[in-house]
Amino acid sequence: MTLAVGIAIGSVYALVGMGYSLVYRTTGVVNFTVGSYVVLGGLGTWWLLDQAHFPYGLAVIGGIILAGAIAGAFWTLIVIPLWRRRSPAYVVLLSTVIGGAIIAPLTELLITPQAEELPPWVSGFTLHISGSDISGQYVFVIAAGLAVLAGVSLFLRQTMLGKQLRACGASRETSRLLGIHPELAGGIIMVITGLIGGLAGALITPAQSSEASMGLTFGIFGFAAAALGGLDSVAGAFLGGILLGTGQAFIDRYYTPNYDEVIVFALLVAILVLRPNGLFGRAEHAG
Amino acid sequence: MTTGSPLLTAEHVTKAFGGVMAVHDVSLTIDAMAIHGLIGPNGAGKSTLISLLSGFARPDSGEICFDGRDVTQLGPARLARLGMARTFQAATPLAGMTVLENIQVALTIKYRSGLFSVLARTPAMRREAKALAAQARELLAVFGLLADADRPARDLPFGKLRYLEIARAVATEPKLLMLDEPAAGLNQVEVDQLAALISWVRADGVAVLLVDHDVSFLFSICDRITVLNFGKVVVSGSAAEVRGSELLREAYLGPAIPQHPDPPVAESRRPESRHLEAQ
Amino acid sequence: MSRAWRARDGLVVAAAAVAVVMTELSGSSYWIYSLCLVGIYAVVAIGFNIALGLAGQVSFAQVAFMAVGGYATALLTTKAHADPWLALLAGTALGAALSFVLNLPFLRLSGHYLGMATLALALGVQSFAENASSITGGALGVFGVPSLTLGSFSLAVHSRFYVVVWTACALCLTVYYLTAKSHLGRAWRAIAARPDVSASLGINVSRARILALVLAGTMAALSGGLWALLLNYVAPDYFGLAMIGNIFFMVIAGGMGSLAGPLVGAAFVVLVPQEMSSLGQWQGVVLLAMLLGVLVLWPTGLLGDPRAAGSITALLPARLRAMPTRTGKAGS
């Protein structure tokens, strides 16, 4: 049962991690706001359902769109101006850290400061695994994770646009020569990442409550997932997320729930120092 | 260091990048106080060779000896302190620093004072700083840059940037100076001035490795020349030997074709032509 | 850096010195307390100005060393009953040592990867402080940190502690000034611009980097210790993302590599929120939003050299820009 929960949580980390990887491969930007879209999706859906009394399906769609819209807005209002000012990469990184940090209090103030839950997608859908019941919602999360992985990988490898976007990530100048507008491409990718995050939030919130402050936690764990798998490998990020989720679940259950964050951070530092390309990334120099 | 004794020797140096042989079994000797030219078409491996010699890359096999010691595995900072200096192909003025500061940075290795001397402002440290600042200014004067001393280095016009690049390398008081395409983009007058400058540097006891495309420029001042093509040494010897060599012509123009007595292609083989197109 | 800019920096520092002295003389407890905070923030900012402003090292870990200094001082005084002065010195020394040891493995990283590893370090330290309740008191922190005393002369009164804070600040500023204008400062600026060219000139890039990072870590630890002594309290809350943002903001918005920059940045970061306390819950959001705004609008800082950034018309979409800029590129 721990394994199942671990894989499910890991799928959320994986989705966030894939978001990091996707954005990084196509724009060269490490975007720390990616984790916050999970919370936005989940809580946005809750608000539409609970406060605006939308039908559930519509609320989910609304929550996902909200996450995508905020992602796009952040890109347009913050990253694009910084690019135009030729800001150094660390200023862009810093702005995304601050962006991620700002979404949490904003969510608390505008949507809800409390932890909220959503009704399950299929009521009564529970699984019996080794004597305990877990919500079937977790299955949806895992399925979504796999679907996104497949979809994004296919997109990047097989479609023309996907290949162009990959070239884009290497150099903004090159992408211009290829006829791609890097700002627009980055914006589209960001919105897609936001939508994915929002979906993850809408999926996981029925299984466990979401709270505004979790956005940064997801951001960090998602980043650890991406780093574990190698920042430029989407599949790696997925695997990294699953590993991380299961690892955390086991540590929580058998060791201690208190130090799980510290262990993740220590692991992240070790990975970055020893194998900056992650476990599955291609060999490139570290920065 | 007596003229003529070997200063830098590279033996059977090889470097491949992902399956492409950039440099293959290259051997080369540069004598003290010699001016040694390195030419070859684009993609011949000149930049890779310079990277290997200056410590920015390690050869896959082979040995490099400098001033009597094996330096194959050493990095650029160590090599600089042993007396090897280089310039870069595109001029690299240090952003945010003035012309004078660029030279002063090159003199950093001459400072003996560490953090504590700096904080305590010891008399030794102050003397040193004054002396080295004066030395930097002298060097700027030699290169005609003294008037620009306090200008941001990035604001210099193209030709002066080149001089700054060379002045900075010379400031480290090297035994060997590697110049990477110093004449690119200069007009004939500037090239002549550059040639005079290089001769002056050599007269001061510095060996020079000169990489460039301007064949007539190289032949006018180099003692010895090495020709590279496809990562291999095509021909190497004194300037006179190489100038007459068939192999040099082949490297640039391809193998000789049966010709009429007055072939139009002979036009471009005249020594005074400034540039040979790569084949 | 041109003479004009440096002269202006000197003027700002002089003005700050006057303001500091006059505040002490005024006796206003509000202002004295506020400027105590400004001084403490300035200390960590000056250190970070060396690491980032001069040497271009993007390290998010300063806050971790602040925590080290703060907790060391707090724990040594409360648990080991050490003299507060000794605890402060020990905390600073510990911060120096740890910043040396912890930054060494990071030397092989740069750019993004350095940023990410140091961010993980900083958050890890905060998380540890939150969770290791038996050592650090957990989320509640450490109470009852005694104030400094000079013999029998208590420095608990803020107006007296003020002198300690601003003496420390002046000391750090002097260290900054002396190193920045020496060959060390030039080496730092060179490696910030082109580490490869610097290496080709014989500079030991790793040594220069670690020196900058250790100086930054030491000042951060000093700042943390002073913080513990001022508030008589430390808690993990103080050493998180908000403080990371503040530290970057002070250096970037103040003007990277400028002498007075950290002072201006620290004043902003302390005084502006106080004026905005009426906003209540919205304070945090507005502050972060302002930080983002400054990053976008003044990338070289309020005191920085505006020529170093792209022009502000670059923010407009390509179609609206009238003609290509002087650099020849019609856009970024």
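Letters A, B and C name the chains as they come in the text, with residue numbers starting at 1 for each one.
Operating definition for what follows: a contact is a pair of C-beta atoms (placed from the backbone, for glycine too) under 8 Å apart; a residue touches a chain by one contact, two chains touch by 3 or more.
What you see is a predicted model; the values in this text were computed from it and never measured.
Visitor: Return the chain whose centre of C-alpha atoms lies at maximal distance from the corresponding centre of chain A.
Guide: Of all chains, B has its centre farthest from that of chain A.
Visitor: Quick one: most central chain, C-alpha centroids?
Guide: Taking the mean of C-alpha atoms per chain, the most central one is C.
Visitor: Distance from the CA centroid of chain B to that of chain C, rounded to the nearest Å?
Guide: 42
Visitor: Quick one: chain A and chain B, Cα centre-to-centre, how many Å?
Guide: 50
Visitor: With chain centres defined as C-alpha means, what is the inter-centre distance between chain A and chain C in Å?
Guide: Distance between chain centres, rounded to whole Å: 31 Å.
Visitor: Could you list the positions in chain C whose residues touch two or more of the other chains?
Guide: Residues: none.
Visitor: For chain C, which residues are in contact with chain B within the complex?
Guide: Listed in rising order, the residues of chain C that touch chain B are 1-3, 175, 178-179, 182-184, 186-187, 189-190, 192-194, 196-205, 211, 257, 308.
Visitor: Under the touch definition given earlier, write down the residues of chain C that touch chain A in their complex.
Guide: Interface residues on the chain C side: 58, 105-106, 108-117, 119-121, 123-124, 127-128, 131, 241-242, 244-245, 248, 252, 281-282, 284-285, 288-289, 291-292, 295-296, 299, 309-310, 314-315, 331-332.
Visitor: Where on chain B does chain C make contact in their complex?
Guide: By the definition above, chain B touches chain C via 54, 56, 75-77, 80-81, 85-86, 88, 92, 94-98, 101, 104-109, 111, 113, 115, 118-119, 121, 125, 129, 132, 150, 152, 168-169, 172.
Visitor: Can you name the residues of chain A that touch chain C in the complex?
Guide: Touch residues, chain A against chain C: 30, 78, 81-87, 89-91, 93-95, 97-99, 101-102, 105-106, 109, 216, 220, 223-224, 227, 258-259, 261-262, 265-266, 268-269, 272-273, 276, 286-287.
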